Amino acid sequence: MSKILDVKDLHVSFDTYAGEVKAVRGVSFYLEQGEVLAIVGESGCGKSVTAQTLMRLNPEPPARIPYGEINLCGHDIIAATEKEMQAIRGKDAAMIFQDPMTCLNPTMPVGKQLAEAIRRHQNVSSKETAKKVVELLELVKIPNPGQRARQYPHEYSGGMRQRAMIAMAVICNPKLLIADEPTTALDVTIQAQIMDLLADVKEKTGTAIILITHDLGVVAGLANRVAVMYGGRIVETADVDDIFYRSAHPYTTALLNSLPNPETDRKPKAGRDPEIDRDTESGQDSEIDRDTGTDRGIERLVSIPGSPPDLLAPPVGCPFASRCNKTMQICREKMPPYFTVGAGHQSACWLLHSDCPKTDSVN
Amino acid sequence: MVKYIVKRMIFALLTISALVLITFLMMQALPGDPFIGDKAINPVTLEALYAKYGLDRPFWEQFYQYFTNIFKGDLGISIKYNRPVTSIIAESFPASAELGLRSLVLAVILGIGLGVLAAVKRNTRWDTSAMLIAVFGVSVPSFIVGAMLQYLLAIKLRDWFGSTPFPVMGWKTEAAKFMPALALSLSSLATVARLMRTSMLDVLGQDYIKTAKAKGLSPAGIIRRHAIRNAILPVITVLGPITATVLTGTFVVENIFNIPGMGKFFVRAIKENDYTLIAGITIFYGAFLIAAVFIVDILYGVIDPRIKLSESKE
Amino acid sequence: MGKISTSKKRRHPFVPEAMTAPDAVLSASDFIWVGPDAEKQDLIARPSIGYWQDAIRRLRQNKAAMVSIGVLLFIMAMAIIVPLVSPYTISEQHLTHMNQGFFSVCEGNDGTEHLHIFGTDTLGRDLFVRTFHGARTSLVIAYSAVFINLVIGVFYGCICGYIGGTTDLVGMRLVEILNGIPYLIIVILMMMVLPQGIWTMVIAYGIIGWIGMARMTRGQILALKQNEFVIAARALGASSRRIIVQHLIPNTLSVVIVNITLSIPGAIFTEAFLSYIGMGVPIPEASWGTLAQEGVNYLQTYPEQLFIPAFFISITMLAFNILGDGLRDAFDPRLRR
């Protein structure tokens, strides 16, 4: 398999009145054909900025790419002119956004909006275009597509609009589909349908997908690999199973602990350090609570105290240091490098350093 | 849709009725008497005159008479000109309407263009100059602009070059019609431009613009196909008030440029205490505006597919 | 969407930080546990500034608005001072010095010299004192009219918005009907019924101009009423009067201030308009509108007689508009940084 996307040491900054906001600070990842990569992180961690930079959708200025490399299907995205980007957008890479309610033009029929992409990138007759539109609406399981194509977005439900967005994105058979929080704005019942649809579309069109989400829960079913972002950096990247069962970074672990666990009686996994669970819970009786809770089959969700770092003045050390309960002196002083934990599993945490004392002996 | 239109229509009729009532009350409350003026009139003649114009009957009867007459299209007889008010309006309205229409078209087209330019080239010199024009437009009254244009285009150009296509006054040539239309349109043009800029900036920040960009459309294509149409909608809502501003402005502009329109008659009627003419023009003018706003309301519903006209907006 | 500048020199050679990790320099002390940084955790990055402070600070940064304030203060000061100290009255005629230009010095019959800064009009009256007396008239009319609008409009809007229900429905329908009638028509009708004069103009404008203010206040109150702090106040047993005075009005204030500033030019315009069509203050009183109306007759021969009042009308309206825009931006919470 060949890499269709290769991102190396990407930096993105926004020049604001308050100063330079370093939204993305050295992010590297790659994507192979037909692969699904999930980028996970809380709001403001830089995941959406990263995604939009792949298509150069951030308005420049204020956005700026101080350095980095992006190679998308052989195109040098950083060096591309706006004209060249227009030819790439929608054809090689397409994107769907968070809120389907606002992402469709309210005064244009849905079918016409779908057709725009074809008209822009392919030289086909209007008859064929119309046929293709109906075909795609059918692919995303919109009932009665011929009639629906003539309707306006406000006549669609939220889930249907997101389906239409997906159809619009894949209409020119892009090699890469970027889904930026595709289910966040939707009802929980619809979320699963959209994820199934994405899997289905991937199956049928063979497109690779970058799935941006803050919800680790939606990742499990679809993603092959996961990159966890925090404070403008990727802190851990691994295969989806490794992330869930062998996470090596305290932030990933904390994220996992904030998820409801359907297998309530399962033992804490290797990566899930009991230390964290205990310390992040408040009050001295938390330990007992936790233990008895688990015994009774009730699991407590654990939140991460504090808020993400201010990217106007990002910390010199590990971005998570101020919230991590395992912070060491070095964490505040030096940015941790990536340590290889397993095959394709890298984590940026000083705990993994060979000089670091065993986790248990800390504190 | 039908329900909405009917509702709007009832409102328009109520407003017109209120206007008629107010006008009537004002006329009743007017100090002085149209017939007691310069020369003494003997009581018998006065009574005959009262009877002729129905001024001797009780208040409500007069109002009822007045009201029904208006809906029959009878606005009474001008006291000074001694001819039906409707015929004066019929004679003078075309010039006013033409002037109004010319400035309205100028205001909307130039205003939208200026607003789009300012929004697309936001925070550049284009934006600054467009908004400078706009703030001047709302700040300088039309009669001043009119006088300035007269001075510059008609008087000064002639002084400098010996001749000018712009006459100081008149309503004959295209050049003569251009000056009052421009003077009249400037404030509305400014309103449209400012609104269009705000609206355009709002639309350009919308997610569907990002969607269009992600599709690979060019900036020009995005603006043409997606932004302008959506940004224009709020502008349509001010078309009603703008029509009002423009038509009101005709009152003074017609006097400056000596245009034989309704405004000229109106101002003359004020000076001559010709009450029936004032009342007639007021009512006609008010009704015309109310009808214009009504049409704009309906138009808005037709253009914006989101507005289900079955539900009232407010 | 601007031109994207791309240059290869901006890119630095790709060296992943993982490869540069210097194992050697680390010592055991680096790995001493220090725990999360409680101070930093909830630190809000930017210092919080009060709403009004912030608004004033941002208004100060707006150069155009500050210049406008300066211009307005200057005109107001001149309007107060000039008629007080001027050697001429507004109706005093110098029949030998008619239609003089700027800074004309004329010798009077008694041998003293007269300086007419703005020259004289066609009746030989000093235009400098007339212009600033006109400023008095126009500004008094504008301020009073807007004040009436403010009182009626805010009161009406508060009542409709706060009580809601049938009161609101009836109140707003009435406003809608009145709003359908072009206000200048009503003002003209009022002017015809009442005797000519300053206060007639104020009443005529005030009687119809409050509608916009009422609608806006009502909208604000309706939106605010849904806010938690109002519900909380009610739950704590605060009276309606207290809620309106203590909670609703202060929160409407910024919008009201902007609205007032932007409606003053409208009032100035109305005065000028009415004077212009011959319904202004009676002679020999001067207002900017009447001065402009008198001046327009001599446009071909003495254009400055129109241009002086026209300049002051325009510059005042312009200053109020710019100031209003500046205030709106300053109060806009979306523009807070």
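Each chain carries a letter (A, B and C) given by its place in the written order, and its residues are counted from 1.
Throughout what follows, a contact is a pair of C-beta atoms (placed from the backbone, for glycine too) under 8 Å apart; a residue touches a chain by one contact, two chains touch by 3 or more.
As the structure is a computational prediction, the values presented were derived from the model and not from experiment.
Participant: Could you compare the number of C-beta pairs in contact for A-B with that for B-C and name the larger?
Facilitator: Output for the comparison: B-C.
Participant: Most central chain by CA mean?
Facilitator: Here the chain at the core of the arrangement is C.
Participant: State, to the nearest whole Å, the distance from the C-alpha centre of subunit A to the C-alpha centre of subunit C.
Facilitator: Their C-alpha centroids are separated by 48 Å.
Participant: Can you work out the whole-Å distance between the CA centroids of subunit A and subunit B?
Facilitator: 55
Participant: Distance between subunit B and subunit C based on Cα centroids, please, to the nearest Å.
Facilitator: Distance between chain centres: 24 Å.
Participant: Check each residue of subunit C and list the ones that touch at least two other chains.
Facilitator: Correct list: 1.
Participant: Hey, what residues on subunit A touch two or more of the other chains?
Facilitator: Residues 82.
Participant: Touching at least two other chains at once: which residues of subunit B meet that condition?
Facilitator: Within subunit B, the residues that touch at least two other chains are 213, 219.
Participant: Show which residues of subunit A lie in contact with subunit B when the two form their complex.
Facilitator: 55, 57, 82, 86-91, 94-95, 97, 99, 102-108, 113, 116-117, 120-121, 152, 154, 165, 168-169
Participant: State the interface residues of subunit C toward subunit A in the complex, per the touch definition above.
Facilitator: 1-4, 6, 8, 10-12, 14-21, 23, 26, 28-37, 40-43, 45-46, 337
Participant: For the complex, give me every residue of subunit A touching subunit C.
Facilitator: These residues of subunit A touch subunit C: 8-9, 16-18, 26, 28, 56, 59-61, 65-69, 78-82, 85, 305-307, 310, 312-313, 321-333, 335, 337-339, 346, 350, 353-357, 362-363.
Participant: What residues on subunit C touch subunit B, complex-wise?
Facilitator: So the residues of subunit C touching subunit B come out as 1, 172, 176-178, 180-182, 184-186, 188-190, 192-193, 195, 265, 269, 272-273, 276-279, 292, 296, 299-300, 303, 306, 310, 313-314, 317-318, 321-322, 325.
Participant: In the complex formed with subunit C, which residues of subunit B make contact?
Facilitator: Checking each residue of subunit B against subunit C gives 11-12, 14-15, 18-19, 22-23, 26, 29-31, 135-136, 138-141, 143-144, 147-148, 150-151, 155, 168, 213, 219, 244, 247-248, 251-252, 255-256, 267, 270-271, 278, 282, 285-286, 289-290, 293, 314.
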